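Common to both upcoming complexes is chain A, partnered first by chain B, then by chain C.
== the complex of A and B ==
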């Protein structure tokens, strides 16, 4: 959402510069009309996002347990919640785990998404329709339903995955518990997250691919470029803004992964499965330390802002280059 | 994530709009709706209907809305409900949760009204204690439950076992006989023990003299890492490794249905689970009716039984309830002799009153559960205990131990430290 509005703002600036030399278009950028039109959306945003955010930040400076929740008044403790969290080794472990998980998921999503988009461009029409329909179906499946399906497939007793792996000769997977060891458990969760993220990436990328001029590719081929070169030196640069947006969004989504872990582990994920979102929810609603949980949530937002601002700057730079 | 915080923020907003909550002692209004939360599986529908009918006879203009809640996420729901301005008037609370809500001021102090409850002088002592916080009474005992082993008599006979195990060693050797007799069944568990089943693991810790935590000078100290506790858990791990093919990371929520499938010889269960196992509507198998037996969890000392956790529920009245009087009337019915008798005979639980304990004494299955309750223990009596439960500390420890992720000394010392931190936290 941030990158989108940033893009809009940048576009607006560009328009204004150009209009200096086109007096007939001046009227378009003048007056209060844009602000009036934006106002309803801004009001809604303020109500559903700004206000809760402000409450969250306020909560993070209070000791807010069950007693305070019932009495509706917390005890202000300054930065105590933050120092408690930042001094806790477990927090840093969760941060590292979340970052590693997000990095792996973004990389896999982008890599597989690109491959699928390229494939989609090359197959015959009926296959393409079938593939697209499949992607849309995945997209349309609610997360909770999807996770339930995957949970059954990976079930240690009745799961089809264990049955399949055993019958295909990969070893004895009868009663193999995928969630007994966090690395394997996170591998399963990664499969579910990437599976759910692919449709958006593939469909967006194939839209982008349609914009790559055919003659540029043909020219490169005439010059003796192999397919890898064509992709790397011709297609990829054209798609760069799309890649950046997709990577930004994926990063945000994968940092915040909650439902997949929560549902997959029957709403009681062990400490080994805590990602930042789960950790914050657990501190708040399980251990009734709403102040600590809020501090964690604020830190998660801050981390996301720092991580994604890199992308946004990159993207803005790209826009700047284009407008030159 | 931000959206998960929304409810908290919204409560603040609601209150700001609604102004202050009324605390004045108005005479109870004789109309409106009394909201009651009961837990899934606690009272049979016939008992609830009976209580409501008797209540309606006295208060014809008052509706009673009984809502059934699930155990798995109940603390989250209770927190948010009590934070609101009109929480449910009557709530069934697990006996390990009462201290948390009493300390936070969510429950009405009914110390002065105790005498008005039928049979209150002979309430089960342990349940009364779970309702008592800081010398005051915050809830009414509802029912109790304690665990024993439900087993398949036919499987025992087929494996050549004539007597039920009298010690933990015998439990293991008998279990191995069962495993041998059912070698061809790759799903077979002699004792089905899901990895997160803490309340079935506690007897092993207590039996060797261990404990969860001990209190001295107002400070809690975790004692799961004591030599005795570790010995109990080592014994349990030996049994689970050899006898159970249950999910080492799973919980006990589905164990009755699993038991009814016929690949399991023993489960550790509450008395009312017998009914679940043979109830086709609950996923059970009615043909097992005459094949089931019950024996107490044996001690490591031959001939004795291990102390079990005394579970159960209490009925609390919300401090913010605007129908204090009517709520009391309703609770008096369900906690009174008439319906407690039905809770024992129909609901198959241990009723709240010592004078009713013998109702199931002659029932060969249920009698064992009632007897087990006589050698029972409870969790640390702290308002923070509920957070140990909902924080999954003990469950995580068991999973680590059973999956072999951590050795017992490391897993228990980590859990012990966590338990101490949570119990000593500022309320």
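== the complex of A and C ==
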């Protein structure tokens, strides 16, 4: 930040001297202009993201309870928070649960999303427009609203799902409480997450599908390829980059799922429902152990970085090529 | 009909079934919102409101702080959208049109920052504002939302500006346009659709956000609609009719915005996404 503003101050004279009749020249030696353009955005990012990120790391090395909250300063305890967390069997249970939950949600989202995108290609235009409009409607529904309406549908007493399951012959679900058993509770949360995530995935994948040359598909069909072969050898390679981006974004989103669990369980999720984000939040704001909570948050970020490193490297490679 | 045409009709049927499945929850929310109590609390579902009523909406609006929180949501969203589009456009111009020291670092930061989960950052953000005594203020929320939408918006706008040929600007400048003039007359109109798409993105993010508002805005009169809605649920024995009416009201502005600008959003955002 400092170097940017220093450069901004020093470069002001240069800006005036630039030869405006040789515009290709200013693109190379731009002087202060790019820094001036970036400054407002970077200032906000630095204050509200970068500084908190640094203090998150700092906090994770501190004991920060109620007394420290009042005094606005924590007590340095070195790696104590991390050793406490990493030695705790419960932490590893939550990590495993978070990973399993994210994996299940990403797999379901991508699988169903691909099926729906392929389906969209095969229907008549009016049907396609209708289905797309429906997807957009779902996409536009705020997460908190979505959670509330699914909560109502899965209500143990008057919920329409219990009635439907019972009357469609899936067993007796009258007064069945879905949240009494965490696995079933997470199944409901998965429904909410996947339902909300599908529209973006389907619409983006169909934009990708539109780039597959039609004549290539037809040529393959003429040569006797079955639909599965066409998908695997013609469509999938074109779709691959989009697919990777979507899977990575879904992984990031599903690892840090928070609102769905928190609101679904009426802001009081029990320990059986802790995912890493919820655990870190509860440890901070419920138990008032901000240091421990921050250590958990840092670990969550580290896990995300490791899980998505392939995607990041791919992007960095692209950036490198671009700036040549 | 040929077997091919029959198959296509089959796909149509499946697609309509999927559509019904996807939008049923939204239909059910609306239907419940317009039903009188005895049709809601019925052991056999009443599929359409037989005696439609606006009672639930009246109840929802009468819940404390509804109008306060509507005003708060509108203020926060407006400030976030206006400021973020302006800042993101300037920043995108910088990274798309200039070569400068630190450019790669800025680009890397824009991507990297999106990976940090909100539920992790909310701890230091809360402590930061708490030490400045800014919790429970709309300013704190707007600043936080700005920081969370800026990276994605800058990234998307950059993609669009890169696609505007520099030659167009250079041509305008040799024809006597100033640099700022070239930006305003050439780049700005060409990326206008992207500006619409990204501002809708900011609108939706800010309107729908829950966690930051929940943590930072502690008093009922200072909250936003999503927090107001969630506090509804905790009351002993949920009033489903009122909740569904409140949920409908909360979702309405976003849905309208989204449907009106659908084409811009889907083409705008996916063009950026597919390009990578």
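What we mean here is this: the second predicted complex is superposed on the first by the 266 of 324 C-alpha atoms of A that agree within 3 Å, B and C clash if a C-alpha of one lies under 4 Å from a C-alpha of the other, contacts with A are read in each partner's own complex, and residues count from 1 in each chain.
The rule we apply is simple: a contact is a pair of C-beta atoms (placed from the backbone, for glycine too) under 8 Å apart; a residue touches a chain by one contact, two chains touch by 3 or more.
Just so we're clear, the structure is a prediction, and the values are computed from it rather than from any experiment.
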Next on the checklist: A:208 in the overlay: touching chain B, chain C, both, or neither? Say first, second, both or neither.
Outcome noted: second
Checklist entry - Regarding the shared-chain residue A:177, is it in contact with chain B (first), chain C (second), both, or neither? => result first
Checklist entry - Between chain B (first) and chain C (second), which does A:195 come into contact with in this model arrangement: first, second, both, or neither? => result second
Checklist entry - Touching A:290, do we find chain B (first), chain C (second), both, or neither? => result both
Next on the checklist: Between chain B and chain C, whom does A:134 touch in the aligned arrangement: first, second, both, or neither?
Outcome noted: second
Next on the checklist: Between chain B and chain C, whom does A:34 touch in the aligned arrangement: first, second, both, or neither?
Outcome noted: second
Checklist entry - Does chain A have more residues touched by chain B or by chain C? => result C
Next on the checklist: With both complexes superposed on chain A, which partner does A:51 reach: first (chain B), second (chain C), both or neither?
Outcome noted: both
Item to check | Touching both chain C and chain B, counted on chain A across the two superposed complexes | outcome: 49, 51-53, 55-56, 59, 69, 72, 256, 258, 266-267, 277, 280-281, 284-285, 290, 293-294, 297, 300-301
Checklist outcome for this item: As the complex stands, chain A meets chain B at residues 49, 51-53, 55-56, 59, 63, 65-67, 69-72, 156-157, 174-175, 177, 179-181, 256, 258, 266-268, 270-272, 276-277, 280-282, 284-290, 293-294, 297, 300-301
Item to check | Complex contacts: residues of chain C adjacent to chain A | outcome: 8, 11-12, 14-16, 18-19, 22-23, 25-26, 28-29, 32, 40-45, 86-88, 90-91, 93-95, 97-100, 102-104, 106-109, 111-128, 130-131, 143-144, 146-148, 150-151, 154, 166, 169-170, 173-174, 178-179, 182, 204, 207-208, 210-211, 215, 226, 229-230, 232-234, 238, 240, 243-244, 247, 250-251, 254-255, 257-259, 262, 266-267, 270-271, 273-274, 276
Item to check | chain B to chain A touching residues, read off their complex | outcome: 1-2, 4-6, 8-13, 15, 72-73, 75-76, 79, 82-83, 100-101, 103-106, 186-187, 196, 245, 247-251, 386-387, 390-392, 395-396, 399, 403, 405, 422, 425-427
Checklist entry - Which residues of chain A touch chain C in the complex? => result 3-4, 20-21, 23-24, 26-28, 30, 33-35, 37-38, 40-42, 44-45, 47-49, 51-53, 55-56, 59, 69, 72, 116, 119-120, 122-124, 127-128, 130-131, 133-146, 148-153, 155, 158, 160, 163, 195, 198, 203-204, 207-208, 211, 241-242, 245-246, 252, 255-256, 258-259, 262-263, 266-267, 277-278, 280-281, 284-285, 290, 293-294, 297-298, 300-301, 304-305, 308, 312, 315-316, 318-320, 323
